[in-house]
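Shared between the two complexes below is chain A, which has chain B as its partner in the first and chain C in the second.
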Partner chain A sequence: MSSYIIRRILLGLLTLLLITFFVYGLLRLMPGDPLLVRLEMMDPGKHMLPEDITRMREMYGLNDPWYISYFKWLGKLLHGDLGESFTQHAAVAHVIRERIGATLLLTLSSLIISYLLAIPLGLYATARNGRWDERTISVLLYMLYSLPSFVAALALQVLFAVQLHGTAFELPLFGMTGDHFNQMSFGGKFLDLFKHAVLPVACFTYGTLAYYSRFILANMQEVIRQDYIRTARAKGVGYWRILFHHAFRNTMIPLVTLIGLELPALLSGSIILEQIFGWPGMGKLFFESIRMRDYPTLMGLILMFSVLTLVGQLLADICYAFVDPRVSYE
Partner chain B sequence: MNILLRRSLYLALLIALALSTASSAEKPPADDKFKLGDLIEPFTPPLLAELDKTADWQDMPVVDPMEELRDQKKKEPPLVSVEEALRLHNDSPEDNKKIISALSMVPPADGKGANFDASIGRCQVMDLASTNPLLMSSFAEAEFGDLTALFIINFDWNLVPFADANAVVSWKASKDHLLDKIVLRDDLVWSDGKPITAHDVVFTFQAIMTSKIPIPAVRSGPDQIKWVEAYDDHTLVFFHKAAQATNTWDLNFPIIPKHIFEKSIPEDPTLTTSAFHTQQQLKPVVGGPYELIEWNRGSNLVMQRRENFYMHNGKQVRGKPFFKEVTFHLLEDGNTRLLALKSGRIQETELEAQQWQTQTSGRDFYDSNTKAYGNEWLYMYIGWNLKTPFFEDVRVRQAMACAMNYDEMINDLCYGLYPRCHGIFAPDAWMYPKHPLPLYEFNLDKAEKLLDEAGWIDTDGDGIRDKEVNGKRIPFEFNLTVSLKPDRIDICNLLRENLDSIGVICHVVPMEAAVFQERVQNKKYEAEMAGWGTGTDPSLTSNIFGTGEDRNFGSYSNPKVDALYKAGLLEFDPQKRAEIYGEIANLIYADQPYMFLYNQNRFFGFSHSLRGYRFSPRGPYAYVPGVMSLWMP
Partner chain C sequence: MSIGPNITPPLADAPAADPQQLETSRGFWAETWLRFRRRKLAMVALAYVLFMACVALFSPAIAGTKPIICKYKGHIYFPALGYFHRSWENPIFVTDHFRNVYPAKLKESDPESWALWPLVYQDPQRRVRADEWPDHPANPTRDKGHPNSLNLFGTTRAGVDVFAEMVHGTRTAMLVGFVSMGIAGAIGITLGAFAGYLGGWADMLLSRLIEFVMCIPPLVLILALIAVLPHPTIWHLMAVLGLTSWTGIARLMRGEFIRLREADFVTAARAVGVGWFGIMFRHIFRNGLAPVLVPITFGIASAILIESALSFLGFGAPPPNPSWGALLEAGRDNLQMWWLIAFPGLAIFFTVLAYNLIGEGLQEATDPRLRQPGN
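Take a look at the complex of A and B:
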């Protein structure tokens, strides 16, 4: 097992190098550069002097060929430095760190809620397959799955932040924290965060909830047709015991793969929802960095997502050995 | 295992290469030492006594901006009462005038009637890149600077510059316009309690003029100053490189505290990387009326009124800023901004034209808000690249101007909300020509005639005009690039349809803003649609229309225009300046390097609780007092 893990880590490092090399090249070859974008946003009374543009291009390393810049970036990375954001005037590591908490609050809560609801829903749908209650749940879930999150977000904002304004059911319209958050007590902070997170988490969750529960249902339906399930039934094992102990365990492998692939998504956030709810998450940072051609921040984010994808896959592979006795890496 | 070994070797090799590249990049060249003010030419200032003898000082205006606004309001009695204004629905220019006239009122000098415990929530569509005023470049940073930064020279709603009486005791200019002498007040302190002195101004000028400091915008202006000398803690003299009418504008830069940055800048000229500068970004020492107390990147900024801005040694020495706290919420989504206003989370926001027209007419909006707009000097245009064979001939550009259906553009595509653009200056601007040229009207016959005259004729009968260029016959087929904004794309398509009917093929090519910028700035385009906001002085437009200037993307050149721009800079008589710029406007309109489309008004929603908003040609805030005149009863 340990030699397998070492092999995978080395392979992962090489993959990382290749990913970052090619992505860096692609980013630098994209038309537009950070200084040109900045010129567009400038107060019309001010402008950047041509000699300042030249000087800043030199300072930001934009005059170097992209592969030289890449190796400079890599060299800094090996010294533990992700560089400095062109647009935020702060260390990339600091910029990313600032957004991690907000993003995880959204994605982790959503992931936990999705799984907590999707597993029982999927199992219930399997048990009641074809009956009216399962059909009703399916239709509802399909409706939710096809409802665009930005439409739901706007409807929820209008309902909870505007129409229920001033009532006990009012929820904040935007942001992650209220005014004077830092002066609140621990309980007050918790409640404030909770209230602010309800609407974005709801919008973030309902689509994945529908997806996961249908995913579990589809896998379960395949498993319960297997011979060993029939055998268990013939031996008189209870229905729910078959469902949980025999069938559900065998649907864990695709579920574990899904969780593994979810790892980078946990930190990638959601551009649209973060924008609508003014949530200071990673999705917005990523989008803004692309728009502003902020290469150091983009590379920091891509490195993080790549590492998480590779780690997620490795963890998923290791988890297979635990959930499926047939899998062994010895 | 061999494969594993080989992979490890590859990895080690790459890492070694990266480390060597990085370490060679990090080594500064021997002559690369930091030198404060290295962009300033060596200069030895004369003694003040000598200057006083020879300068023949002329008094210049020192103005308390709030007092100026109060005086102005006395001359403009409100057209309706506040209650009536708040009941009005803004459905016509007359309603707009009434609403602004009543709600732009400001409290008396003693502040009677103002609620000084009130806080205001505002919003911004993009986050600040930095809180350091020297790194300001975007609108968001300018708005932050309006509240927190100290400027010696400001400008009012007519874009007339003045020395701010909150910071300045006196301002004199030499008769030859080469010197400005400013005496600072002695009751000015930074937010950390240290006095603000003339040495801070000198230090700021030197920092601005340091090549190692990556200053994006603030350097344009101060770069025209030869030297700034502090003759004592309060007396400053600015030495200009040349006697120009714009010299006053060159003094309009924010001041930073010398005692904070003197040691830290040489160690970290980026002003952002070191731990000290990171800390300064979050809790900057400021000289303006508000100080930053909280900055949550990507979320909000909270500013608090500075008691030591208006109080000195226990006495009130300046007007007390009206709000206890100002919060900027970062809201990029237009719907959320509007809902935030309707639900009372913010007290003002800019509205999109469509929101003005369709989402702010009902009771849900007017019950607790009102709205107003201002005519801005921001104009939209379609610019031609004069280096392409299509648009080098002025007759072709004039034909294009006749091929646009302006009525359809204004009434159908712009909701009837914008006035037509009359050229580079707006009709209400002091520099607008006294005898403007008649506007081009939609006339396809005239367009065809002009194209025929320019030699663009359909010779092969394929329905597309063509012409022999450099021995080769080319069809009149060009790309019109535009950023991904639906309203702009619609306008380009309207022109495309009209051109189609006169044998000119136009491909509308929408593209992402960064790509659009790259194409335009590098002159890799044939036609483009964009807009220009207004600066403060008309001379600034020379970098758009002057031959070879950095914003002259279409390569327009007219020696007469160049000569007039030079004359405008050297002319100090306001009337003569107006005539010069009026003539420039007419020449440019006749040459049509741009097809002038419309002036884009800006629309705002304001809470019923808010007062004191007044529009300038740059919007309701980008002047002084601007945002500082907002208050709540």
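Take a look at the complex of A and C:
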């Protein structure tokens, strides 16, 4: 097992090196650089002195060819330094740390809600298989699964921010906190945050919820046809006990691997949803950085995503071996 | 071991055989189609997709301000084709200063002319002005464009008809799905086939490549690739989507090739001297195609989704290209104009749903584990 893990980690490091090299090249090949973007956004009345531009290009390291810059970036990284953000005048690690809480608030609450609802829903649908209520639940889940999150987000915004405007159900459109957040009491702060988070969390949750419920239902339907379930039924085990104790335990295996694959999504957030709701999380940071050609921040984010993807895959495979004794990596 | 003596004589010698035995067994695809057809929802979805494909194909005849066919100065022209590609509209209409306003100009320049008009006189790219068409007031602008009998789905702030833009946007949606998945399918199937068939170091290299592409967040790759292009068009977008979404297909195809390359029929083909290309693509590929069709169908759904999401973020095809996502983007800044969100939103939703239903139908029709005895 340990030799397998070591081999996977070494391969993962190689993959990481290749990914960062490739993405760095791609980013630097994008037309426009941070200075040009900044010049475009500047007041047209003001002009930058040519020597200022050269000085700033030198400072940003834009005069080197991209592969030289890449190895400089890599060298800093090996010393634990992700570099300075071009736009925020702070270390990239600091910028990312600032945004991570907002994204975790969304993704973690959404993950918890989806699991809390998906397991009972999936089990209920299995128990009622073929009856009208199971058919209704399945069709609804299928439709939710196909509903694009940005369409749902816009529809919810129209409903709660425009149609219900002025009623008790009105919810804020943008942002994570309202005005005067700092002057609020603890309860007021909580309520304010809650109100702002309801719509984004709902949009984050329904797709995952539909996916997990359908996943559990599909796995349960396969397990319930197995011989050992028939045996349990034949010896007179109660229906719900069969469902929980015999069947559901065995569908845990794929469920566990799902959590592993979920890891990168937990921290990456969603570019589109955070953009729509003006939520100051990782997705929005990524979108802003790509617009501003903020190479160090982008590289920091991509490094984080790729590490998480690789770790998630590895964790899923290891969990698989732990949960299912038939799987072995010897 | 000899099997020769056990071969039954040709059926022609057995007149007593009942007709059921005489019937040759159905082929794989006939069998799949038979099982697919039993799923009503999947069939409804297939009908919907075919309907949308027709809408896309005939979009200039459904909504437009250019005649489908007209006789002008003694010649027959098809100006509506200009909606497909600007160069397909005869240059005579530019030199005669039509400025895209056909009804009045046709009569003015040539009283003898006649024309067959699209079903709805509305343009996907510009506002229809007053008296272009008999009894047709100018399209309302700003937030006054509620859906009405002339603007079925309302108008945008600039006064462009939403129905016309959606009908023409169908073209984008259908094309994106088919073209990008065509590219992804071609790459995925080829790489997966070689990885699975050759094995060894080729498999090792190709598997690492697949892993590498899978690890890059797809939106990063797409945004970066699009940003590299100075003037991205809808075709570039489709190519980029295709270049980033082949990994799942390649993995499945690789698995199928590994499973089938040791099968008896492959050994038999090899024994009678079929070349490697023939074995790969005539024998193994045809038997391993079914499982790959499922991710391709789901891939079409996600390509449509990504295209509309990119247009929505402002990274989509440039403005003259009508797109459902672009309408949604306009709706986002004008939330009280609900018709800018409801109609394109429903169109995206139904199309994605339809492809998902077809994919699931295919999955159940081709999965031998789900085949019930007697079917």
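What we mean here is this: the second predicted complex is superposed on the first by the 292 of 330 C-alpha atoms of A that agree within 3 Å, B and C clash if a C-alpha of one lies under 4 Å from a C-alpha of the other, contacts with A are read in each partner's own complex, and residues count from 1 in each chain.
As a convention for this text, contacts are C-beta pairs under 8 Å (C-beta built on N, C-alpha and C of every residue); 3 or more make two chains touch, one makes a residue touch a chain.
Predicted model only: the values in this text are computed from it and were never measured.
Asker: State whether chain B and chain C clash or fit side by side on chain A once the two structures are superposed.
Answerer: They clash.
Asker: For the overlaid complexes, name the partner, chain B or chain C, with more touching residues on chain A.
Answerer: So, of the two partners, B touches more residues of chain A.
Asker: Quick one: classify A:158 as touching chain B (first), chain C (second), both or neither.
Answerer: Both: A:158 reaches chain B and chain C.
Asker: Is A:18 contacted by the first partner chain B, the second partner chain C, both or neither?
Answerer: The second partner, chain C, only.
Asker: After lining up the shared chain so the two structures overlap, which partner does A:276 touch, if you call chain B first and chain C second: first, second, both or neither?
Answerer: A:276 sits against chain B and chain C alike.
Asker: Who does A:268 touch here: chain B (first), chain C (second), both, or neither?
Answerer: Second partner only, chain C.
Asker: Considering only the touch criterion stated at the top, classify A:306 as touching first (chain B), second (chain C), both, or neither.
Answerer: second
Asker: Who does A:254 touch here: chain B (first), chain C (second), both, or neither?
Answerer: neither
Asker: With both complexes superposed on chain A, which partner does A:284 reach: first (chain B), second (chain C), both or neither?
Answerer: first
Asker: Identify the partner contact of A:94: answer first if only chain B is touched, second if only chain C is, both if each is, neither if none is.
Answerer: Once the two structures are laid over each other on A, A:94 reaches chain B alone.
Asker: Of the residues on chain A, which ones does chain B touch that chain C also touches?
Answerer: In chain A, positions 11, 30-31, 154, 157-158, 161-162, 173, 275-276 sit in both the chain B and chain C interfaces.
Asker: For chain A, which residues count as touching chain B in their complex?
Answerer: Listed in rising order, the residues of chain A that touch chain B are 7, 10-11, 13-14, 17, 30-33, 36-50, 52, 55-56, 59, 61, 68, 71-72, 74-79, 84, 87-91, 94-95, 98-99, 102, 154, 157-158, 161-162, 165, 173-177, 179, 182, 275-278, 280-281, 284-285, 291-293.
Asker: Can you check the complex and tell me which residues of chain C touch chain A?
Answerer: These residues of chain C touch chain A: 208, 211-212, 214-217, 219-221, 223-225, 227-228, 230, 301, 305, 308-309, 312-313, 328, 331-332, 335-336, 338, 341-342, 345, 348-349, 352-353, 356-357.
Asker: Mind listing the chain A positions that touch chain C in their complex?
Answerer: Answer in residue numbers: 11, 15, 18-19, 22-23, 26-27, 29-31, 142-143, 145-148, 150-151, 154-155, 157-158, 161-162, 173, 264, 268, 271-272, 275-276, 286-287, 290, 302, 305-306, 309-310.
Asker: Within the complex, which stretch of chain B touches chain A?
Answerer: These residues of chain B touch chain A: 4, 7-8, 10-11, 14-15, 17-23, 25, 119, 121, 126-127, 129-130, 132, 135, 137-139, 142, 211, 214-221, 223, 270-273, 278, 281, 294, 296-300, 302, 327, 329-333, 335-336, 339-340, 342-345, 364, 378, 512-515, 517-519, 521, 532-536, 540, 543, 550-551, 618, 622.
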